[in-house]
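Chain lettering (A, B, C, D, E and F) follows the sequence in which the chains are written, and residue indices restart at 1 in each chain.
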């Protein structure tokens, strides 16, 4: 079993703001991340597929197809967007990296696994900055 | 004459939008960068001072002091901010990297040069993404 | 369960030297790393917490608080220090990355886990150079 | 148990081409990667050893010795070579990263494990580009 | 005057081989770079334009248009290609980075300068590896 | 005229300490960099040669020979060393990056220029950390 990974990127705005709280409490908890006028990041998303190489191609998954799928399903919905305002699957959720990676998993899990009979989606890694990132392996059963 | 450089970073939201134009023309010219709800980046700013080392310290400029000055004068005004809405020195200007680096120069030129009798501000470099960046050497006379 | 990571850095001197051995044997085993007058590195430390997002904040752990804790407990004791001479928790131990990461774990394990009811310290990664690094997941039971 | 890693690099040419297929089918499946005249990459290989530190040295494995072993056994056979034409252990195999990492494992597994009584080969990571990479942990039993 | 830069990448094979020399002399001069079966690299190309920002857009040049132009004129001819065999503008020339960057300049100079009335092509930088690169500013008059 | 660059690295210890001053004044001016027991860095050195490509090789300078020369003349004297204690050409000088790069220039200028009739040493860049670096172009006449 080999893990194979593809990195894509997107640039987005967001803020950390709980609408059930006062502005003061938001600032107290989230600091400058609660700025009403937003801030933003260059995000990097790494998608990892685990499986066996297809003997005819040597591929667990065709990285060109994987890249296209990630762009169509995820990047096009996030790039140059506002995570709080413009992204249907983040509506009503705190726009944290933790929540974002879980939602990206829900979107990618089936179509990535359907891309290849030789493997399945194994993990996601999402960099918000070079110093802050999250990783997700799906729900543990 | 030695050039010495210090890199700092900030995360900000912006959009490219000319208010003298229709929304359609903005989208035509700026594409997704004109998104009304903003997008954002992890910016990196490199400040370069040119001069001779002070014989007593070996320094053209004390990088700790240079870092503090950059943070107080520039980073604190840009980090976790909206370049179009929150930043006084960008008011009324297109929030492009070209305009931003020129305004940062105006702010830093005198105080950086005042930091040390051994050198002066030589150049700025500003990364919007790892693949897009600008550089500025001040007004040519 | 999401993994969330924060990267910090410190600059330190050290040497690899076993005081039970002759200088010759130290040089034979450790080569230039045994240089009596020390050498040094820009270290990078990545701290990973594993847990569930708090529904009110979207956070497994507040990265600002995690960063402050890592700096106060670890970075302040290592940055611009000599790992063999200046660091209480390395006294009497070989100043290898393997030993250093185990000691950092002992320091961070309880306070990181205490930072959040939603997660616990999961792993540490320590880069000595961009090409040499160690990772530690705590004692296996 | 600590994981310790060493990164090495090599530059090589390859193409993705299944000789059982027509040229048309190869181009259809592999696109520009099937270019008859080859293309190439700067590969990076990370070798990870898992074990306990030797109390006398503080090392799970001596990274100098590990580096030398990787170079002699793997890098010297791949660097400035054509993966399809020049590399004995890739003969008759699709020159994909998935197949290459499995073959590198077969070569390194025993000698890396023999380098140290304190650990064994744990994983390999192979970057074809900064955005495409594979990881391998050996055969699961 | 602001400098603005865009980075693109391509993967290619090449060899360093002077057909006027014997195989022995080629190996003596170029070492493993003369390998008859080629080797390859992940190249990175940075294109820098120097000029004044257009007051209506804030741009010296539209980086989307610059990126498209670089891809159409240069990257499409080099990516997944053999620099010695597949590239018309390198025919009859040593496939060194020095020669390649001079030829890329000849291709890009006029169309990049035509992209914008506010600037002109200023420099190119070409990375063959992260440790080897060339830079070119055009012919000095 | 093409600029061609080669990056090498070394790991070293140093401190910033003016022996003409009291310990208190050293700490006041240099802060933690004055730590009596040293600290250290992973330094990176970039050497740039400017010239015309040799028509027979396509090279301004042979990068293998340039790399060997840099290692023999500079890296071997700095790597795994203490810049204040072990390095003859830094004796009696403040161990700042500014002073170090000037001394490296003095060592490399003639032998680099002698390596090739097609070019001469143009500049040096020295990274102390990814965020602090100096550049030197030789004495201006």
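Note that in this section a residue touches a chain if its C-beta (ideal position, glycine included) is under 8 Å from a C-beta of that chain, and two chains touch if they have at least 3 such contacts.
All figures in this text were calculated on a predicted structure; none of them were measured in a lab.
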item: Intersection of contact partners for subunit B and subunit E; value: F
item: Graph separation of subunit B and subunit D (steps between touching chains); value: 2
item: From subunit E, the most remote chain by mean C-alpha position; value: C
item: Farthest chain (mean CA position) relative to subunit A; value: F
item: Reference interface B-E: repeating pair among A-C, C-F or D-E with over half of contacts shared; value: A-C
item: Computed distance of Cα centres, subunit E from subunit A, in Å; value: 34
item: Between subunit D and subunit C, distance of the C-alpha-averaged centres to the nearest whole Å; value: 28
item: Multi-chain contact residues (two or more partners), subunit A; value: 31, 130
item: Listing of all chain pairs that touch each other, if any do; value: A-B, A-C, A-D, B-E, B-F, C-D, C-F, D-E, E-F
item: Subunit A residues touching subunit B - in the complex, by the definition given at the top; value: 9, 11-14, 31-33, 35, 37-42, 79-82, 85-86, 129-130
item: Contacting residues of subunit C [partner subunit D, same complex]; value: 16, 18, 20, 29-31, 93-99, 101-102, 130-137, 140
item: Subunit A-touching residues of subunit C, taken from the complex the two chains share; value: 1-8, 48, 53, 56-60, 62-64
